[in-house]
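What follows is a pair of complexes built around chain A, which joins chain B in one and chain C in the other.
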Partner chain A sequence: MSVPYAKLPAWVDYGLIPLINLAVAFLVAGLVVLAVGESPLRAASLLIEGAFGYGEGIGFTLYYATNFIFTGLAVAVAFHCGLFNIGGEGQAYVAGLGVALPCLWFDAYLPWYVIFPIAILGSAMVGAAWALIPGWLQARRGSHVVITTIMFNFIASSLMVYVLVDVLKPAGSMAPQTRTFAENGQLPRLDWLMSWFGLDIGGAPFNLSFLLALVAAFLVWVLIWRTKLGYEIRTMGFSPKAARYAGVSESRIIIITMMLSGALAGMMALNPIMGDQHSMQLDFVGGAGFVGIAVALMGRSHPVGIVPAGILFGMLYQGGAEISFEMPQISRDMITIIQGLVILFAGALENMFRPAITAFFATMTTARAGKTLPAGE
Partner chain B sequence: MEYFDTLIVILQSTVRVSVPLILAALAGLYSERSGIFDIGLEGKMLAAAFAGGAAAAVTGSALIGLAAAIFVSVCLALVHGFASITQRGNQIVSGVAINFIALGATVILGQAWFRQGGRTPQLTGDARFTTVELPFAAEVADVPILGPIYSNLLSGHFVLTYVAFLLVPFTWWVLYRTRFGLRLRAVGENPGAVDTAGISVPWLRYRAVICCGILCGIAGAYLSMAMTAGFVKGMTAGKGFIALAALIFAKWKPINVMFACLLFGFLDAMSIRMQGNPLPLIGEVPVQFMQALPYILTVILLAGFIGKAVPPRAGGVPYVKER
Partner chain C sequence: MTDIAIELRGIDKKFGLVHANKDIDLRVRKGSIHGIIGENGAGKSTLMSILYGFYQADDGEIFVDGRKADIKDPNAAIAAGIGMVHQHFMLVENFTVLENVMLGAEDSQILTSGISRARQELKRLEHEYELEVDPDAIIEELPVGLQQRVEILKALYRGAEILILDEPTGVLTPAEADHLFRILKQLKDQGKTILLITHKLREIMAITDEVSVMRRGEMVATRKTAETSVEELAELMVGRRVLLHVEKGPALPGEVLLSVENLTVRDSRGCDMVKDVSFEVRAGEIVGIAGVAGNGQSELLQAVSGIRRAVNGRVLLKGEPIHVTGKADPSELRHRGLAHVPEDRQHMGLVLSFDESENSILGYHDDPRYLNGAFLDIDAIRADAAEKIEKYDIRPPNPRLKTANFSGGNQQKIVLAREMERDPQVLIIGQPTRGVDVGAIEFIHKRIIEMRDAGKAVLLVSVELDEIRSLSDRVLVMFDGRIVGERAPDTGEGELGLLMAGVENSREAAE
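Right, the complex of A and B next:
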């Protein structure tokens, strides 16, 4: 067991093994569907039909995917530095303030294209600030970032309940949410983009922040693989000792990485607040911060993997809602199981099939060598 | 006298809400002391609560429910063990996965089996744990001061409550006075040394993880079969994480764990009590602040501002036998 894993071709390492892990996760999920007494194949076809079968479904799929791309990128950036940011949920929740406050203050005076950049900046800064504290504590006081970010999720949730119920709730209203923003506080929907493809998104809240998510994915790629800071981040994640020898300031990189991660998680708040609900509601993040963990693991922390992984989870969310109409046994909680299984098989057990695959490739190579050998003699 | 009665009521509910925390934190203690970080306490407890509630509802026996709770929790603990000991995977990732699987599976299976929106049927009669009156509880109730303490605070709890509090000294004894405990602590600090002594690191860690599963199982059973009569969707509501916080707050020591859990339980009981009632001197404190206080305290402790919490040195690191 202690032999290091043999080198495999890159397409096996980055293509085949993740796909096998994913397939196993969905296979186990299929068994759960079977245990509940429904047909997994029918569930899968309903899922795909519901997510991609018509314009509105696609709109919703991409709307959910926007959230998951942001949170997935957030988790991935931290992964590159060897940090596990479980706090995306809390960072996004608090960052809602950075979106909602500019909208509440300016929606009577400024057009949306002025408010939008302010809100982007606001959400990123609040998210970064909420991640700064765990980052600082990890870098300077050595407290484990996993534990502190978990604690900060709960603190964020209490804080936001207080803010929404006692501060931002309009007088006379019972619902714990802000007032609805005027038109200037609402992001334009991307129905024109979809109509190029001849699709009608209907009532789906697919909006401009999707494009922002794609831009963010590209910028993350530039940052991690094409800049000095990104190189330092990866060095730190790969070998903190090597980074220290190279003169990289450990605490600086940890703090910056956590802030970047928090900023990305924070920007997720734009999508539901400005793009869909046009107000800040209780628990608007709805677990997207945690889905980000699965998305980052599935996408192997690379933007090229994260965007499709985010869309896949968007598909599960949207399709899952559709399934529950047809199969009342299968509610959206099925996605929570799939999410857990993906995290388990693509994350914790990612090397489970590697020995078998390595052995398979080894026999393949010897078999090929064995065939050519007699000819040589 | 009025203040005293209020105090007794608050302390009584403190004991009630601390029990699952103590059980889960002790569970985490076994695991983390052996070098396996476990943030899946929440998930194991939830799955156990569901299994206990479901089995007790079907069979009508609380003991079978308890056995089912422990069985399911140990199974999940073994999955975590397999991922983090045998497969040398990331222990945090594995714990997160278990939390999600438990959260989703309990609702899906509960809905499929009982069709009550993710609940299990109400437990009645023998299917639920009953409270125990200590001897002479009724007779001494009228004695001033000591009477209420004995008959309201110490008596009238569930068997599992007494089990939880007895497990605290028991865990201390196991950890500091037995060979297993010595090896358990050693494997969490320096697995290489344990291996050199000819003791199997994986087997020792698997046993620790199984202990963790058993205790989480009892904690879950307490939630769904003693504290309330049946499983409700997501009923652990972060208790697993508060237990984790308590474990860190207690610096991974059994007796401290009990006090940390009682403190966090007390804060919880106070926050329920204080809703709308201003405190003397301080004025009205937002309930949310009281709810966040355990987490804030843990963060402050972890930062080293009140003492230093040093985790087991080999925690979170998979053991690779050198060649």
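Right, the complex of A and C next:
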């Protein structure tokens, strides 16, 4: 028999609770900073100042956020199908080929606005292809995607070292990276966008792919909640039995979802390759695939949550770099600890404060309503 | 000394806006079996959870044996001599009976002495109450009825004088239920007090001494069982007169719409669950399949509706074969006029986290009237859902409400509305009223009869023998994967019961 239970208003569920979790994460992080003998308040102000205090800082924050939005969306789409794609890192890495090759081939002939769509398509297709294999293995052979995608991260890593060292490295160069693309292989920066707000992004590589990330977030929302495919994905994710009953082909949906997830992760490669370094370098993904898991968790697998969560992690990256520069006691590893705490409180311990908050709101609403409803209907 | 084992005074409990228990008084006589009956959501489980210490009452007092008891957690309840047998067993499946009984009462860190003491105690209890179970059997290998016995032993082992049983017969065969009742009577004779929570009126009449009726969080009446009737209790539960008897005219069977020939189906472990089964369902008749749960009915339903692949045999829908041994596609079968109300409403028939309107298209989501190309036409879906809500009186009437927030009866109405409003030729229904309250049962039964009278072929599977007998025009009995007999619906319960238990020649045996 069911237990009657009071529902929380949406703004509490999606707004207040994540904020409280975040506040607690920062509180605990503050204690860690205190323990190494630095002032948590100064660290916090450095973090905020470094991430949002000036144009260039904001530019970097949003540049990192772009990566995390893409990988966060990738993880979220798979979540909706009940799949845990932790291979975003490898999918993005291999998808670098889908970006770098068109740039290397066409940057002498085609303008950037022709190369860009080719690179979008290329990165999405290569990312999807890399996710297809684990997806197929899950759908047809029952090999768990968590295992296969993590293995594919290692394969991707080795494959890309080979490609960069033995295939794409220009002759005579010592660095394992492609040649620098000509101007046609570079995405325009969004300095004009920032200048509307009177900000100067300085040297920050904030570029067009940020807008693409926002478009992708919107399209993911449309896909999941407004299309037949999204309906089937959610049915599958919530209840595989119901999906079978409804005549939804399990293997088809798993494979399609993994490919969509891989495509989104793959598009992340546009940002560092075409938007920042203008060449493909070793390990350009730099852990963004894994941060995407935290972003998706924190954003509740909803694009409206993923975009701010991506920006939050962008802030931690950028502001964290600033802290480690200003406070030699605090190394980059400390920043990783803070990120870990955010993941811990926002993801794993998400429901820690929920009972207390539910009880609080229950008494509030009862007091306000002044009367009570009968049980049942 | 007093002869009242439990007294509740003014128990009150709110969950937010839901007033689950309103100022409840209850007196349970020592050494009696006291039934608590009410529809789903009437507050029975909440009240028992308060008594067992899962919840704290907002107001009110509990007296055990005349002494005021402060039951703030289940440990306090156990200390006060109250034991509970939950609806869903709280057993460790891969532990032995003995290990489960000891769990949480091991006495010391080193188990050896505890084990031998527990073994002795278990033997004594078995002897005293005729509760025989092999102490070294693994739980998951025991039938459900014995697992329940272990739950009872667990409570007795902890010295329970008062036993609360929450919907104990939901998972039992009629024979197992009878056995349970014998055990309960035995316990009563030994001076134990038993609180039986159920929504089955027959059980109340069969075994209780007194019965209390709850409705919408209130205790509306307490009666001596001998002085009341099923009709009165049903009326008290629902708050209005209820038609317990299904009224229907004679069947007018037409052409064969569904025919099953030599069907064999295997479960996921590779055991044959349906063995060489053949039958027909004609237009305008209801064929009921009776049987104890787990005798192949689920697999049969799944194979006929295209969800599970059959190993052998043929199924014809309106004379056209279904690819039951190959890749049958449930959505294709829907297009061909076969609707299916699945047994497992909560996991198969519905996606509980979807809103109502999303569930009202499950399986029909590729119908162009709900789509704009590849996009869902949300307005059309909600309008369609609102129409069905009105027609089937689904409450609350809100297509955007999460399905999990509807009561069992209303959830079932969502499924029925979806499947019946498609005007199917063949309707397959599994457990139409499981977990559904009395008021909704009446409505659902009426709808099923209406479908029959509209010339549909209805295949009905239910573990409620009463339901099979009152709805069906023909009854097939399934045992161990086979159809072991066909009987008329007015065949005596004893004879059907024996067939369900696999006794051949049940006609003679029943006499």
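Criterion: the second predicted complex is superposed on the first by the 350 of 377 C-alpha atoms of A that agree within 3 Å, B and C clash if a C-alpha of one lies under 4 Å from a C-alpha of the other, contacts with A are read in each partner's own complex, and residues count from 1 in each chain.
Methods note: a residue touches a chain if its C-beta (ideal position, glycine included) is under 8 Å from a C-beta of that chain, and two chains touch if they have at least 3 such contacts.
The structure displayed is predicted, hence computed values, not measured ones.
In the superposition on chain A, contact of A:E232 is made with chain C only, not with chain B. With both complexes placed on chain A, chain A has more residues touched by B than by the other of chain B and chain C.
Of the two partner chains placed around the shared chain by superposition, neither chain B nor chain C is touched by A:S173. Across the two superposed structures, the residue set of chain A contacted by chain B and also by chain C is 1-3.
Partner chain A is touched in their complex by these residues of chain B: 39, 79, 82-84, 87-94, 96-105, 107-109, 111-112, 118, 238, 241, 244-245, 248, 286, 288-289, 291-292, 295-296, 298-299, 302-304, 309, 311, 320-323. Note for the complex: chain A touches chain B at residues 1-3, 32, 35-37, 84, 86, 133, 137, 141-144, 146-148, 150-152, 154-155, 158-159, 161-162, 166, 290, 293, 297, 329-331, 333-341, 343-344, 347-352. The part of chain C that touches chain A in the complex is made up of residues 14-22, 39-46, 49, 87, 166-167, 216-217, 305-307, 329-334, 340, 342, 344, 347-354, 358, 362-363, 365-366, 371, 374-376, 378, 395-396, 405, 407, 410.
Residues of chain A touching chain C in their complex: 1-7, 222, 226-232, 234-235, 238-239, 241-242, 244-248, 361-362, 365-366, 369, 372-377.
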